[in-house]
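First chain A sits with chain B, and in the next complex the same chain sits with chain C.
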Partner chain A sequence: MKMEADLKIGFKDKANKMLGYHPEDAKLSKSYIAVAFIALLVGGFLGLLQGLNRAGLLELPSWFNYYQVLTAHGLLLILVLTAFFTIGYFYAALSHNLGGLLPKVRKLAWIGFFIKLAGFVLAVIPILMNEASVMYTFYPPMAAHPVFYIGLALIVVGVWSCCIGAFIQVANWRKNHKGQHVPILSYFATGVFVLLFFALMFVAVEVLFMIIPWVFGWVDTINVMVARTLFWAFGHTLVNIWYLTAVSAWYVVVPKVIGGKRWSDLLTRVVIIALVIMNITGGFHHQIIDPGINEVVKFMHVFMSLAIGFPSLMTAFALFAVFERTARRKGGKGLIGWWKKMPWGDVRFLAPFIAMVAFIPAGAGGIAQSTNQLDQVVHNTMWIVGHFHLTLGMSVVMTFFGISYWLVPFISNRVLTPQINRLGVIQTWIWTAGMICMSGAMHYVGLLGSPRRTSYTTYGDHATALGWDPYLMLLAVGGTLLIVGVILQVYAVFNMMFFAPKGDTEFPIAEEEDNATKTPYITERWGLWIVIMLIVVAMAYVIPLTEFIVNAPPGSPPFKTW
Partner chain B sequence: MNQSFYGLLLYIFLVTPPVANFMESLMVIHMHMQMPMLVIAGMLMARFFQKRFPRFFEKWNSNGVPGITLFVILMVYWMLPRTMDEALTSTLVEGFKFISLPFLAGISLRDSWKKLNPFGKNSIIISFTVLFIGLGWIYIWSPVQLCNNYLVIEQVTLGWAFLLTAIGMIVYLGYNFFIDPSAYE
Partner chain C sequence: MKMHLDEKIWLTISFGIIMGFMLITGYQAFALEMGPPSNMETIDPQKVDETAPFDNPGVKEVGENEYEVVMTLQAFGFTPNNIEIPAGAKVTFIMTSKDVVHGFEVAGTNINAMVMPGHIQKITQTFDKPGSYLVICNEYCGAGHQVMSTTITVK
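Here is the complex of A and B:
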């Protein structure tokens, strides 16, 4: 009896090894993913409150006003959901690809987990007390309670801890596998953690050396332009970190789900390197309307931003080629006929597929916004909110949802049942409909002039403002559909995590094409790529930053504008 | 041959008057983008000359020292504020810039670097690091305008670019010192 049990365990262990499943690492990823989806649930409800308010359907009470809700919605979804998901997902990949996490790496990730949670709690308390309605961008001279910034600083430290863990893990693997390429998903993870590590330095400087001394009153004034610039050097990079995370699933996982092969390994790695090198400097496209930046410099930065568009386009090309090849191999015929061969009923394909399609209008909108004259029309209007609900709320988040339908079963040692799959498909369509309504309405009403970050007002029944109402109503309808989507999604995740039938789930990683060109080893020389990245960053930031600092205005004292 | 051709394209791009004028209009771009890119263009084109005149390089630059010396002299020369000024005012000097940086400095760097031993390489990088720190210090804290053609703010910007480049090189040296690539490759 005892022996049989032992044998069974032995067998189980072997199966786990073959699947690259490591229980302790899985627990880590599970915790990260659970936090991410709780953030989605809470953040989603806050979003609904905002949507209903903007449509004039709901007046928020004075003890929980629009700007508190908005700050929390932004932080929960932009920071907590994405950071926790990204880390949970990539740590699962590192564990699976690289033979399990080293104990010290796991420990670093756990330390990071709790530091981040502590930081988040510290940041939320002042928001709830209406002491930190500064939105997730926390632009000075708006000043929140000092505790808010201490919380942010802790979150930074927590993420750094995870970055360092990932670096140790990859370096160790490379030492033991000399001359081999790091497996592709771990390669993505390396790129993402490199970007996170360096991008966080900018906010860390902003928060630790500029804002904290200022809110404590150790210094009287702050250089607003420098602070904004440091914020966006980080903020923009964060955006592309989400993008890289989503792309990793598009390139590596989706082809496997549809039974195809991965597109060129070399091209994939080149895209990752290109994004890492060129990314941080894109930050200035968030400051196109800011004063104090020379036109020539702005022009250079538009060029840099659009340069990132190039690898993105390569991505789109590669992916649709993979789809077509796979479908044709399965007997799909004709110009459009092969579409029928795609697994439309499989949520692991459907959700990321729609996410990719959404990236087409999202990218087009982004290119429009990078243009100075066009941005003057939409800057700080609801258009922008529409834009990032399309990019982040659809392209990225729907990919995360798609990932969850195999990742959560994998780390929970359970399976995706047909029922949950069907629920996922329904969820995907609801989310799609909701986002199209909400984001479409936001884009349009933005063109009509409705400002972002502004609770419901008719400006004394001004005709223009009244003209926005129908679109804002559509926005609320979209938001309502979305909250249904949120509930279904969160239900699905926790069902797969705790209640689905036990069983083995594969970690889907597509193979390379047979006749693939060999990837040169230089793609593994991260030292080189990081030095080039730093040079590019220096080239982009030295001119404007020197100007901001040397020709600085008197600076601003803190303001509480709410 | 491919890379020589791209080098030539880059070179032609850089000397086109609108591009050259734009790059020279900002001091830091003049020194930290135009000049290095001219050197890079030369390094790319070097292959062509190495294949064409192998004996010449063999004879005059067998251990890399003459080449790297030429490179260093030219670099130091072009980092003087005075020479930048002159390149902007005198066409002759500007012409010399467009010829000396790619064809003398770029080619000799490419031909010499591989021939140097690690000690030589490191000493070159270290000397440039020290030089850059010094120049950064001069450009940032100099109380007067050093170039007739550029304002003090541009000078300060350039100084920071020098300091950051020096920091970059220190990072590189540290990386080289602490990390042994053969443990990974």
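Here is the complex of A and C:
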């Protein structure tokens, strides 16, 4: 009955040609978003446990120790939350932009959904049994239970299934709309799925061809450096995939929410292409203080990493220009007086806005730590943890939160009520305060030398380590605020999904300026951009990988050190 | 493609910042030899104890107030540990791992290096200030990772 009612509403909307709402597709996105926020809830609580342990306030039991909690926290928030949200959001965009998902595309996305869930369950069981306390980076020669890696491989296959679905959807639209540009949000989706598709290849090679034969004992040893390099070619790209997802909302959605127009379509597409081409090579800056890579190669990689900063600086200009232009149109005056014209009480603006502002220090920190000598100061310290809680936890996740306040009502055929909006605004400020405390403390204590991924310790009451304690306490305070934020956010999402009043919600996509320049069609030549991307990847990785393979030391056997 | 003057200025500055980082990093790395630890030698990770110089780990004086520390890292300790050196000593650490990936960090200094099985890592530091320096493993290496530490005492 409910299905029928949904269908009826769907047809009505189609007739209105307003909302581009497709009930079957909405169900798909709803499932993805629901999993994402359940992962946030569970992963958030695990984060709190770590924060409290790290400050020396909580001793974790031996059957669920710090490193199990940390591995699960990373997997839930870095893989599940981000991947499920990104796919749910972009599939909603593809459906809305491109006239509904093709049945086979929808099927691929569902297959991907269940394969990923199955993979995730398989990965989690050994973690809970303390057979896979290897962190989400699972650096060999630490060897987890084989089932852990089979789970990871299934997650990869599941995401690939969604990538292929997206490619089919976009290709089909292009075939029927010759000479037209793919709508901007679907263009972002294309970029994200291209990156996911290729980045996952690196980790797939690592897991399928190196680790699985090794943990099953089919081969005796593993090449540690090759595995690590393949991991980071994937790992850092994943970071930028979330970022590109957040950026899509900054360019396309936020201008509409504030009643403005989009920044130059051409520049937006150039930023997407640049991020796709340059991203994978950025992974190397995770290996700046590794042995076995000479300084010339490392220097080249400083450039490859910093180059990614350039499109982000273009983005910074574009977004603030849109804000100013819109506010002035609404009568805002003066150098900063136009700020008053921004809709500060609208969570759909406030959350992504703070997310953007957070990206200023986050990006600056990123530039600092991908620079060789500066990285050496902070590598593997709490600074890094602070950095990715600022980037992922604020810039990306707060944007996701902001998106949820229109996306969840849209796919649920409900509306955002003033009460939930107010809750969202409060949530946003709590989250902001929590992240500033936590990430700030992490950055500073990292500069003092406190290491990441280490349970509570005073190193035999060494004075240096005791000096870190006040900051670790501040970290725990931040973590406690954040869990309040998590609870409010998850409540808001499920309220909007199942209990908010029925009604139509708009999928906010800003228009171009009236006098916008026409974007040249070359931006649609994905074949060309992918070839350039592969050339850049080859420039970055052929030399070091050849070095690691040709001059490889004897490999390492598996170790279980926990 | 029309671009506002403001935007051109902004992007020029952006490009300049990135180039500035490159120049300073390059100058420090190649002219001042401040580059990150990047030693290229390899070793059989299963035969560390039989392979020179790791068959005899320890602190060796190699010149006037110049020392070499040959060190192995293993879950969850450093060999040798509790090192003592005189103030002003220039110390080169020559390290490898006997099992998993470890990190070698001396808090309060710029000493920070990944120590991988199969690879020999080197890093040099001059210890001018006397005191007790905390040495820790900063790469998660197992259940006892949080106890993997030692000290360097500079007298």
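Keep in mind that, in the parts below, the second predicted complex is superposed on the first by the 546 of 562 C-alpha atoms of A that agree within 3 Å, B and C clash if a C-alpha of one lies under 4 Å from a C-alpha of the other, contacts with A are read in each partner's own complex, and residues count from 1 in each chain.
Basically, contacts are C-beta pairs under 8 Å (C-beta built on N, C-alpha and C of every residue); 3 or more make two chains touch, one makes a residue touch a chain.
Note that the structure is predicted; figures quoted are calculated from it, not measured.
Shared-chain residue A:465: touches chain C; no touch with chain B. Of the two partner chains, chain B is the only one touched by A:543; chain C is not. Touched residues of chain A, counted separately for chain B and chain C, are more numerous for C.
In the superposed model, A:421 lies in contact with neither chain B nor chain C.
Shared-chain residue A:139: touches chain C; no touch with chain B. In the superposition on chain A, contact is made by A:535 with chain B only, not with chain C. When the two complexes are overlaid on their common chain A, residue A:551 makes contact with chain B and with chain C alike. In the superposition on chain A, A:175 makes contact with chain B only, while chain C stays out of contact range.
Shared contact residues of chain A, touching chain B in one structure and chain C in the other: 551. Per the touch definition, chain A reaches chain C in the complex via residues 65, 67, 133, 135, 139, 141-142, 224-225, 228, 264, 266-267, 287-295, 298-299, 302-303, 306-307, 309-310, 313-314, 317, 321, 367, 371-373, 375-377, 379-381, 448-457, 459-460, 462-465, 517, 551-557, 559, 561-562.
Contacts from chain A toward chain B in the complex involve residues 171, 174-175, 178-179, 296, 521, 524, 527, 531, 534-535, 538-539, 542-543, 545-547, 550-551. The touching residues of chain B, when paired with chain A in their complex, are 25-26, 28, 32-33, 153, 156-157, 160-161, 164-165, 168, 171-172, 175, 179, 183-185.
Those residues of chain C that touch chain A in the complex are listed here as 1-2, 4, 6-7, 10-11, 14-15, 17-18, 21-22, 25-26, 28-30, 34-40, 42-47, 75-76, 99-101, 103, 105, 107-108, 110, 112-121, 132-134, 136-147, 149, 151.
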